[in-house]
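Read through the structures below before going on.
Paired with chain B in one complex and with chain C in the other, chain A is shared by the two complexes that follow.
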Partner chain A sequence: MTAKPKIRHTRRYRTQAAIGCAYIAPSFILMMIFNVIPIFMSLYFSFTKYNMVAAPEWIGLENYQKLFNNRVLSDSLVNTLRYTLMTVPVQTVFALILAAFIAEHLKNGYGSFLRSIIFIPVIVSLIASATVWNIMYEPKGGLINQVLNFLGFPSVKFLSLKQTALPSVAAVAVWKNTGYYMVIYYAGVMGISVEIREAAIVDGASPIQRFFHITLPILKPITYMIITLSIISSFQVFDLVYKMTGGGPGRSTYTVAYMIYAYAFQDKRIGYACALAIVLLVVILLIHLLQSLFFNDRDGRDSQ
Partner chain B sequence: MKRFLALFLMVTLLASCMVFAQADDKTSLTVWIPQYQFSKDENAISDIDFWNGILADFAEENNVDVHVEILPWSDYNTTIYTGLLNNDGPDVVYVTDNYDLVKNNLLLGLDSYLTDEEKDNYLLWDIGPVNAEGEHVIVPMDDGIAPGYYNKDILAESGIDAFPETWEDFLAASKAIQEKTGKQAFLQNWGATSGTSALMLAFWPYYFQAGGKMLDENGEISIDNEAGLAALNFLKSFYDEGIFDDTIVSESESIDKFAAGELAFVVADMNKGNTFTNNGVNWEYFFSLKGAAGYGARTATDSFAVAAKSKERGTDALAVKALTLITSGATMDAFHEQVFALPRFTKDSVYTNNPAYDALVSAHTDAVYVVSEFEGKASFEDALQANIQMMFMGDLTPEEVLSETMSYYVDQIKQ
Partner chain C sequence: MKKRVSFGGVIGTLLTTLFAAMCITPLIYMVAVSFTDSESLYISLSDLRFSFDNYVYAIVKRNFGRALWNSIVTVVGSCLLVDLVSAMAAYGFEKKPVPGKEALFQGYLATMMIPGQVILIPMFVMINYAHLTNTYAALILPMVGAFGIFLMRQFMVQVPNELLEAAEIDGCGEIRRFVTIVLPLVQPALITLTIFTFNAAWNNFLWPLIINTRSDMHVLPVTMATLSSNSTTNYGMVMAGATLTFLFPFVLYIFLQRQFVEGIALGGVKG
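Right, the complex of A and B next:
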């Protein structure tokens, strides 16, 4: 067994390394201050009683014990899961279909125009979007109900019925997010080698076969990333619910992030809200873990 | 050239810092007040112009920079709570829910700053909360009750001679109006899904009319009682009798409908009379309905206060001086005339409300209930509102609304 040779770095190497560190330092510091440190602070506060005025008082696991007896939390978790199931698959599939369609059939000015139109909701303020959709959803005189009435259907109280409130909020999220994920998919589709597609065409593959056997498998890493981002943002849904339904009617649109807001800022119970935030973090991590296992498992089977 | 440019930029930066440092020498006072001007009249004075006008002479006389900030009502309570924690937060502040602010000593004790004459001038001074040292910390103001309005023509058209004031008569009259005229009888924003105030404004008066008290003998919130049940059953009967309209999600919708002469009864703030008159509605006030315990209307006491932090900043005396100017009879008279009418809250105020409104309230002073402050009030009302909506949706019975709300409050809200 030979000893590992000692690596001597040249002065030039060390200088370059220092410059590299200097480049990433601002981002690193900002991420530490605004992302990493707050997570650990939240973890600490979750074991305390804290109201932003008096110093935090250590109470051990009391917040968590209380949280697991909180009936509203189970409702909120179910609502959040339902919202995630309503938004993530729909916006991912829409984004993929639109990206593939535009890349395949509209490689011209119309395609650019359509991409811009679909992307507009992404840049519109979320609160402004929610306000406009609230007006469109109005039972009396709202645009959507006017269309329904025109087609001979009765008006629907979209945001006042427990059956329709959450799907109505989810529909706004899909409208808002699809453009963003479509752009990511579009970049992926455009990155697919022309030779592969031409070879498939020469071999007589139909457009649908090309989509399922070439485009989709190649875009798998992008799909994984998009689903991960979508799940995280869906679990954090707050602003749409806050503006459109206030958690109602009843608690039919009450979500975990909305609960965190209410405990932290309405009640000034920072410790309890942080415990809830940590629970949300753990739930998201668990789902991410399951998702990774699913994708890795599929990868394994694909390679066999 | 580069060195010269760097030197120039550095000198400019230093000079700017010196200018800012000099500017900071002048005492600065910050006033936070929520928006009150809702008039769509283009000649109506804005909140910021009104308060800047009021405080201009004060600023000059005291050589102080006064910064007035008009805040939106949305999340107002949270905004001022966090503002009062900061060293650069407001000095003088308009306060809505004061429980947490008083409990956490975020407001300045005012007793030692005000003369007995000044305290005596405030009509509601004595009902204001005190801090740990026993000093009053707010200048309470009466928000006024939200009276009811009825359309006399619709009642006449339905063959109803007098306003049906008992719960039973009111329900019967509402059904008769809908049957005979096809018009909506009574609307309140039952379906409100945003903010707790809407449904709570509707709930508390019925609770008081049924004989309910918000706080028990220990000062704790308690609604799981006969009055609570009676109020909820009465609310539910609106739904069961087809009077309830859950598409109404804001106060303005019901007001617009009443102003258009399409609604028989509505509950709105005291200022809506002119709007209704201008729209040709033949209307009359009613104080409240009459439950088993008699009449009952709710009012709240918002207030003006000074931040405890102003003492650390050395602006406390000046801030109290600004507070006395803001709450003086002359200022509030102008405010009520030009911005938003509210009942007077100082003895030296000469402003009078609509005489009919004053007569209405003075005839029922013993039936005006002030909404109490208690721990976790916002979340309690949130939970109660959600549970009442679940009752309307058929998920909870009135009994379950009360027990669920109270057990949730004890287990999860109260600390």
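Right, the complex of A and C next:
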């Protein structure tokens, strides 16, 4: 852009190029060390047996073969998928309805106050969230069980029952994430032109009709983006599981990310953990690929 | 607009209010329990006392003081490093004729799709090899990422070339141009990036957990996580720790709400 071909070999061009390299160099070094080289190391380790004490020993595809016969992995995958299904649809629908409603009916100080409140869980760290909710879930006197008892129900050991542990963790994620996606949706709703909305009102469309025939279709690209992002982040759920259940009871909250951590840093099976990480990488790249295919197919203009 | 109260509007407002109340309840509960000295959770309003005993205990006896200091050092270091390195890179990419820069930039962007778990293990091996475990450097250096460079470059486009050329003709040197002209012009982006980095560094858990294992090098979330596993049910103290962890981002959020929401919302919109 700045340099035309005819001045490529002038001294000024070469000096400027060198200065440019100097500006880019610090980021280049850090990006190589902490973002690029590790990918290839992971790939290499995944073909080896390595415990960080002895040198890595090449074993070819053995780690991958073992992975596909691993009951823990299939359990973890199922749990991760269940967790994704418990969080993504719920938080997306909540976020959309809240954003659309506040933009339509509460375009005042109270609405912006509510938006600020709903966003607050987003800024709480996952570990602090998990700590607070652990105590809320306490069977003896935790807030939720106190409410249950007050309503005449017996206490529930939310985090130590196989049926309730994963949904209880998912509920914390929904609590924490909804405000984040609401903010993104809200920006999208505010971006819908006033003319379109007023035309619909003049034509006599009810609020419900306007939501389904105007707001929802216009927000489609944002919805795709939100769903992709939230699927990817729920595939990597770790902090909540670590703090709230440690994967238990049994393996009922074991997720893929937790499994990578356990294999690498508790069992010191680095090669095996790396093979699992590579599988996760492939899955996430596939989701990105699907999303971009979907976008270019149907909403090519919007994704630009 | 005409003011008309609709039935749906009232119900919706009530439900939205209820949702907001549910969002804030756990945090009110957190602060309330942190101000009780009971070991049981069956607390009533009469158990609440405005005493900072739990906070003092958490800070002095339970490593929260040290962890708070470590978190602050890590966050300040990360913000400075990320801002400087990202702004420099963005300036180089946008304003300098570096051969092959667009290909390199696309390569940077591609790294945003890589999940953390993939690079975590090799990073652990490298940091161990370099004997950098239990240092601030191990927490700060990996914070530089493609997102910051991408964000800064979008703002760098708006810096007029004419201004830089005019300054050069006036004899303003390379570094002075960058510091006195470019950086002030991209200040809004720097603020957004600082808040994004603040959050990422303050809440970072898995990496500090595995790389800084010595308790005097723990950051707040790591201390939080190890706390309740080895302590009895001292709920008040645990909640005091959680409140401390929450307090700093919350104060920033109160004062810089718009930038704060922007910094977090943009950060999620990767790729």
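Methods note: the second predicted complex is superposed on the first by the 243 of 304 C-alpha atoms of A that agree within 3 Å, B and C clash if a C-alpha of one lies under 4 Å from a C-alpha of the other, contacts with A are read in each partner's own complex, and residues count from 1 in each chain.
Here is the rule we go by: a residue touches a chain if its C-beta (ideal position, glycine included) is under 8 Å from a C-beta of that chain, and two chains touch if they have at least 3 such contacts.
Only a predicted model underlies this, so the values are computations on that prediction, with no experimental measurement involved.
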First, second, both or neither for A:K157, with chain B first and chain C second: first
First, second, both or neither for A:K49, with chain B first and chain C second: first
First, second, both or neither for A:I24, with chain B first and chain C second: second
Chain B versus chain C as contact partner of A:N108, first or second or both or neither: neither
Touching partner for A:I184 - first (chain B), second (chain C), both, neither: second
Which superposed partner A:G250 touches (first chain B, second chain C, both, neither): first
Partner chain(s) touched by A:L126 [first = chain B, second = chain C, both, neither]: second
Contacts of A:N70 with chain B and chain C, given as first, second, both or neither: first
More chain A residues in contact [chain B versus chain C]: C
Which of chain B and chain C A:Q266 touches, first, second, both or neither: first
Set of chain A residues, in rising order, touched by both chain B and chain C: 52, 140, 243, 265
Residues of chain A touching chain C in the complex: 2-3, 13, 16-17, 19-24, 26-28, 30-31, 33-39, 41-42, 45, 52, 94, 98, 101-102, 105-106, 114, 116-129, 131-136, 138, 140-143, 146, 175, 178-180, 183-184, 187, 207, 225, 229, 232, 235-236, 238-239, 242-243, 257, 260-261, 264-265, 270, 273-274, 277-278, 280-281, 284-285, 288
Partner chain B, residues of chain A touching it in the complex: 49, 51-54, 66, 69-72, 139-140, 157, 159-160, 162, 165, 243-251, 254, 262-263, 265-269
Of all residues in chain B, those that touch chain A in their complex: 75, 77-78, 81-82, 85, 100, 104-106, 191-195, 246-247, 249, 376, 378-379, 382-383, 385-387, 389-390, 392-393, 395, 408, 411-413, 415
Contact footprint of chain A on chain C as seen in their complex: 6, 8-9, 12-13, 16-17, 19-20, 22-27, 29-30, 33, 40-42, 84-86, 88-89, 91-93, 95-99, 101, 104, 107-108, 111, 113-126, 128, 141-142, 144-146, 149, 161, 174, 178, 199, 202-203, 205-206, 210, 220-222, 224-225, 227-228, 235, 238-239, 241-242, 245-246, 249-250, 253, 257, 260-261, 264-265, 268-271
